[in-house]
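You will see two complexes here that share chain A, one where it goes with chain B and one where it goes with chain C.
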Partner chain A sequence: MAVDYMSLLKLDERELAQRRAFFEITDEDLARVAKLRDFAARHGDAIVDDLYQLILGHADSRAFFADETMVRRVKSMQKQYFLGLFAGNCDLRYVQDRLRVGASHERIGLEPKWYLGAYGRYLRLLLDRLFTDFPAAEAQAAFRSLSKLVAFDTALAMDTYIAANLDTVARHQAAIRELSTPVIRVYDRVLLLPLVGTVDTHRAQQIMETLLLRTVEDQAKAIIVDIAGVPVVDTKVADHLLKTTAAVRMLGAVTIITGISAQVARTMVQLGVDLSSIETRARLADGIELALAKVGRVIAVKA
Partner chain B sequence: MTTQVMAQRELQIRCEDDIVLVRQAVRVMAQQLGFDAFATAAVTTAASELARNVWTHAGGGSALLEEIRLAGRRGVRMHFRDQGPGIADLGRALAGGFSTARSLGLGLSGSKRLVDEFNVESTVGKGTVVVVAKWARFSSTTG
Partner chain C sequence: MTASVTAGGKPRSAIPVLRVGDTLLVTVQIELHDAVADAFQEDLLVTIEKTGARGLIIDITGLDMVDSYVARVLADTGRMARLMGTDTVLVGMRPEVAATLVRMGYGMEGVRTALNVDEGLGLLHTLQG
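Now for the complex of A and B:
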């Protein structure tokens, strides 16, 4: 699914006006670049070719372009982009068009350094040709106007990169959360939940819900929660454990907390957390033995 | 003899995940300063409690972490600042078992027991600053 960068970046009329003001893009600038359309049409192909000489001349940046067909396609997109600079519009439609450029770079994994480097050449190519075609004063004014639009576009591209990355991170986090509460049935009516990592509010809720559902489904009598992999057990984590235990108890099962290190035990006592309502054991093995006893089983040495 | 600040680092607390970043930074600092496992757990847990208070009660703030030295001893000092509602009854909050956030209510009082130095200043409507310090139990011989 395509990411809606317009809403992600909160790009509305107000934001656009603010950006235009900060980048000092005036109607005069837009009128000036619009007058350069013939210039753009005249030099477009040559400038795009020159740009891709840079990109294709370096093995690392060339690697993003699989074959001739793809190069032809991106060159034609680049040409459209180039002509767009001279459209003389800087409205929401223009912004939407510009965001597509950043998004497509992000999609193929082209890092900002290649984008920014290529953009530098873009400006130099424009500068040279403007001063060849026009008198100095006119060329300078045109370049000033164009450089504002280029800076505006660059900011949009960077924003897209960042937004896309944040979006990826958020999706990964969601995926990790999905995987982070694996309830294992270790024996008939005995469940084990090994907790690894941080227990934040969202995860604590998920742990509680998953455990309660599985307790009912499996008609579990004993649930072992191993916290050896939780780096910091603070009052919040303790609070979650106490609440989960109380809820599980309502379903007729006991919770056994295992994997309590010497440091965690000491810290809990110093904090003043009372875990005496929960069965606790240092080692998972002891917890399993206790859980089996709750369902009337023992681990015995083979005769 | 005054306490020297050897290094410092400021972290913003803007979301729940930032609490994790704060305590990870504190843990690394404590380990580098030669804290033993118990002291490391204590100072890291205190950081977690106090950073959580900033987030829960004020919606955000900052944590300034300092490596400090006094007469050859090394320690960690942490300043937690927020511009939240402030603590109306500091005595009650420090006594423990009292919470305005439906939690165990042991964050502030418990943290106090986990560290060597503890100071809290709070103005209702203005915000709260909690400064705590924990020293490595044995002074480092490497200086």
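Now for the complex of A and C:
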């Protein structure tokens, strides 16, 4: 699935203008690099070849390129990228193009160090050739303008790396959230939520919301919350459980808390927590039996 | 099944109270502002007095928001109806409403609840034997 980095990085006209101002890219700079187009066309192939000597000369960076065909392909892409620098445009389309480069690096797992190292070589190659081809003053001005664009490009590439990672983290967090409240339908109109791990305020709220939504969705009559997997059940956790139970009751369903160990029972009473308004059971099996009774079913021994 | 609007014409709260046998059924579909809530309570109690209904079902499926005042009016109505010999069941509360009420520390204790009108009728049936 392609990530839309433009929107992820909130890259609109305003953001672009702000970036251009901060990187001090003026229209004059763009005009100046545009005038270097012949220069770029003249040296493009040699510079790209030189760059790949560096990249292919190191085993770790070479590992990203499977075979000669791939090397040829990325070289031609690199040439396009290089010529793009001299297009004399710095608009949203240019940004989109640059983001694509960053994204493809990120996708193949090419770390920033290779990217930045190679870019350093790029700059040195440009510098040398500029000073060979042009008078010193002109070469210096051209290099100044180019270095601004290069910094601009580099920032976009780094942003892509970071945005891609943040996006991954966000997706993992969503997955964890979903996994932390697995509501299972054990029988028609009977739901089970096995809680595993610490229950903090944030999670408790999410548990309540999920449970309430599912109760209405499934028109469930009995909801079993098994807390055998919760390591510490203190007053706070008990309070969350009481609140959830009260909310579920308002919808017209009952909550049954199971997995109450001897330890938890002792703690609750010693802490003075009143759980008498909730149906509680030690074992999940008993909870299921009770829940089935609520929907008019019994577990019977087969004759 | 027969249904008739409150004896005496248009209810003050503009929320129709339907009579189905021994049971009154109200479906709240408009937001209960304070004044409407009061008129609503009044309508219900007067109808109970007139009809001698044994059960009352208040369906709030249509309510996206219930503040503490409305929650209290609903709970109080149930208690008042009980004094008049009518059992009340509140049905169809939305998940987000329940979550908000609980967060405000309002648990609607002592109010009977059911998931939907059908369940509510079943509950009344059990209560009245």
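Worth pointing out:
Here, the second predicted complex is superposed on the first by the 185 of 303 C-alpha atoms of A that agree within 3 Å, B and C clash if a C-alpha of one lies under 4 Å from a C-alpha of the other, contacts with A are read in each partner's own complex, and residues count from 1 in each chain.
FYI, a contact is a pair of C-beta atoms (placed from the backbone, for glycine too) under 8 Å apart; a residue touches a chain by one contact, two chains touch by 3 or more.
Quick caveat, the model's predicted, so the values are computed rather than measured.
Within the superposed three-chain model, A:Val248 lies in touch with chain C and out of touch with chain B [touch as defined at top]. Judged by the touch definition given at the top, the superposed model places A:Asp200 against chain B, while chain C stays out of reach. Of the two partner chains placed around the shared chain by superposition, chain B is the only one that A:Gly272 touches, whereas chain C remains out of contact.
In the superposition on chain A, A:Asp234 makes contact with chain B only, while chain C stays out of contact range.
In the superposition on chain A, contact of A:Val264 is made with chain B only, not with chain C. Of the two partner chains placed by the overlay, neither chain B nor chain C lies in contact with A:Ala21.
When both complexes are overlaid on chain A, the residue A:Ala41 reaches neither chain B nor chain C.
On chain A, the positions that touch chain C within their shared complex are 208-209, 212-213, 215-216, 219-221, 243-244, 246-253. Chain B meets chain A in the complex at residues 16-17, 20, 23, 27, 37-38, 40-42, 44-45, 48-49, 52, 96-97, 103-104, 106-107, 109-111, 113-114.
Of all residues in chain C, only 90-99, 101-103, 107-109, 111, 113-116, 119-120 touch chain A in the complex they form. Residue ranges of chain A in contact with chain B, taken from their complex: 198, 200-202, 231-236, 238-239, 242, 261-264, 266-267, 270-273.
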